[in-house]
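Here chain A shows up in two complexes: once beside chain B, once beside chain C.
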Partner chain A sequence: MTQLLAAVHKEWLLQSRAVAPLVAVLVFGATALLLFSFAVGPDYELLRGNAPGFLWLALLLSSTLTLAESFQAEMEHRALEGQLLLPASATAVYYAKALANWAQLALLGIALVPLMVALYDANLPRPLALFGIIALGTAGLSAPGTLYAAMTHQARSRQTLLPLLLFPLVVPVLIASVKATSLLMLGDPMGQVWSWTLLLFAFDAIHWSLCGLLFGRVVED
Partner chain B sequence: MADPFRPPPVPGPRLGFALMGLGALLLCIGSYLGLFVAPSESYMGDVYRIMYVHVPTAWNTMLAFTFAFGAALAFLIKGEFKWDARLEAAVEVGVMMAGLLCLQGSIWAKPTWGVWWDWDPRLTTTAVMFFAFVGILALRRFVEDPVKRATWSAVATIVAYADVPIVYFSVRWWNSLHQMQSSPETVSRAFLIPLRTNAFAVLFLMAGLITVRTRIAALRLRQEMAPPLPEPASGLAAEGAR
Partner chain C sequence: MGDTDALDVRGLCRRYGRRWALVDVSFRLAPGRSLMVAGRNGSGKSTLLRIVATAIRPDRGTVSVLGHDVRQDREAVRGRTALLSHASYLYEALTALENLKIAARFLGREATRAALVPLLAEVELAERADDAVSTFSAGMRKRLALARTLLQDGGLVLLDEPYGELDPPGFRLVDRLFATFKAKGAAVLMATHLLDRGAALCDEGLVLEGGRLRWQGPARDLPERGGLDPATLPEGTA
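For the complex of A and B:
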């Protein structure tokens, strides 16, 4: 636990000293939202209906930037190797990194919501519930994303490899998050939102435990 | 204790080719029975006959990926490179079969459903499974170090395989066009014999392909892990330069 707290503190220091990449990812997400509206055209009915899908696609695309850069500092001067020699537990390193990625993606998601409302004239009757879905969905992106980022960062063509590995894997997150967001924004007469939330919980529970278990094998020399 | 990270043994080529030969023979018999002996289906007519290759391909694709998952676990536990060679072979053959499965499904879907593709749970799951394992093949191409490549692809295989049931349940809540699984009780005996013959045919073909591909992967690993050749003697180098 002490190791985890120390690793989380290290992540906090890293993130707080590098604000520019966070802003760049936010601008990328906002641009993606803008571009999606060009693909559909100025039909507000259509834009409102597609808003949940566009929000999650923008988040998914932005997540590859956040995740791909997340191990940059660790790989410089073999810092990750140094941490593991201290010895810091690989599990603590993984969970701290995954928590940092999760926090970044969740904040990005929350920051994109007002833009989505403005651009697509979307309704937002239950903002807190939507933030909950964003938290669960981004947790599902960050757990396997952090594991794959650790692998691909050491390989050639990491910018290509990460989405190639991650996107098929997070299909359930995308489906459940888009459905839950649609139900929250467009109405849920059958009370289905809970079943999609449950699916997100299940995905998160499985991947946060499985990836934490396997991370040690990925970074071992 | 022997070093687990030593080059893998290279299996002989005979078993693989024998299995493929047996599979090809059974496929000829099963396809003959399916195309010329089995009666037409009352709703779909002759279109249904693609079932005799489509269903066996579907069953054996799952088997190939399950074998890859087992090989990934075995590599992580034992650290023996023979399991990495088997994993590479099973993932590659599984991807090829999943691609064939999508193609056969599309050919069947067009005359029966009116579209080449439908966002149905089983089709979506198969497509996701295909792309997830293609990613693992790509990962293997981009990592030179054999130990890292084997470990990372084993980890990625376990995560991808664990994801397949979740994908299935997530897409299952959509409306489905694909029929439910059949059982011997719901399938006429005239249909069952060619189906079973082809199921074993595809199984033997797949096992043969995996065996031959394992041999290729093992040979490549041995080459990669072989110690470097000694430096040429200075006299010889000078001779070569002249």
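For the complex of A and C:
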């Protein structure tokens, strides 16, 4: 627990100095939502129906920026290696990094909701439940995303490699997230939202436990 | 058996791709003793130190630190070694104090300003405690990296080119810290090109050439045998 707290403290310090990249990711996500609305045109029925998909598409695209850059500071002067040699627990380092990425993506998702409502005239009958789905969905993106970001951080084309590896793995998470968001926003006459939420929760549990176990092998020589 | 040795290296080999960086290197270092590692650029000095610190794995041979194998018992080795590497292991965006705080927290040490500023004072950086590392010169980063090394209570201290990027007062600082490590009872393995300086500090010396152990003996003999360039060591001195 001491190691995890130390790693979380480190992430907090690093995130507090990285406001500009956060703003860039927010602008990127907002631009993606805006472009989708232009692509569909002024058909509000169509926009409302597609809003959940567009929201998650914007989040997925933004996540590649956030995740790819999350190991930049760790690699600049081999700070990650320095921590592991202290010795710091690789598992603690992973979970702190994944939590930081999760917080960023979840906040981004929540920040995009008002824009989605404005651009797509979307219904928001249960905003807190929607925020919960966003939290679960982004957790499913950040856990494997952090692992793959660590794997690809030294590759010259990491911005290309990361989505190639990550996207196929997170398809089930995205489907569950889009489905649960749709049911929340467009109505849920069959009461299916909880089964999708449960599925999302199961994917998260698998990703968070497996990736935590694998991280040490990925970052060690 | 070398179980009580601070360091016991036997038949150590390591390669990068097809090129062998270390070939069949063997030596021992007793607790509390110091060893200078000399050799030209690319002779395998840093690779040797990085293997001992468990940053990279050996391909063949065994390395034991205070009785712990670097392959089997990484965590135990890491808890007993402190490495000053070529890389500073620092975060550019954070201040000197914050960088030390991170290391102190991972080590379970007191991470307060009161506990860490004296460490910065020891490397003459106390006045820059709250400045971001990105504003530091290369020499100041090296000093901060030295302060970080001081945080660790290693039975084996590994110094890879500790004088690099430092000014003359910095050289004296390294000499002083070297004495501090020795006074704490730690064994010290130092890779350096400054043979006279290293010979004055260390008990033993060895020269690597092309990844092979070329010469080993008392450190005071090294400058005489090799002049200031270990590559000019006479044939047959191994």
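FYI, the second predicted complex is superposed on the first by the 221 of 221 C-alpha atoms of A that agree within 3 Å, B and C clash if a C-alpha of one lies under 4 Å from a C-alpha of the other, contacts with A are read in each partner's own complex, and residues count from 1 in each chain.
Operating definition for what follows: a residue touches a chain if its C-beta (ideal position, glycine included) is under 8 Å from a C-beta of that chain, and two chains touch if they have at least 3 such contacts.
These figures come from a predicted structure and were not determined experimentally.
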item: Contacts of A:195 with chain B and chain C, given as first, second, both or neither; value: first
item: First, second, both or neither for A:82, with chain B first and chain C second; value: second
item: Chain B versus chain C, judged by how many residues of chain A each one touches; value: B
item: Contacts of A:14 with chain B and chain C, given as first, second, both or neither; value: second
item: Partner chain in contact with A:156 - chain B first, chain C second, else both or neither; value: first
item: Touched partner set for A:63, first chain B, second chain C, both or neither; value: neither
item: Contacts of A:182 with chain B and chain C, given as first, second, both or neither; value: neither
item: First, second, both or neither for A:104, with chain B first and chain C second; value: neither
item: First, second, both or neither for A:165, with chain B first and chain C second; value: first
item: Contact residues common to both interfaces of chain A (with chain B and with chain C); value: none
item: Partner chain B, residues of chain A touching it in the complex; value: 144, 147-148, 151-152, 154-157, 160-161, 164-165, 167-169, 171-172, 175-176, 195, 199, 202-203, 206-207, 210-211, 214, 217-218, 220
item: In the complex with chain A, residue positions of chain B that touch it; value: 76, 124, 128-129, 131-132, 134-136, 138-139, 142-143, 148, 151-152, 154-156, 158-160, 162-163, 166-167, 169-171, 173
item: Chain C contact footprint on chain A (complex, rising order); value: 2-3, 5-7, 9-10, 13-14, 17-18, 73, 76-79, 81-88, 221
item: Complex interface listing, chain C residues touching chain A; value: 53-57, 74-75, 78-79, 81, 83, 85, 87-94, 98, 101-103, 105-108, 148, 152
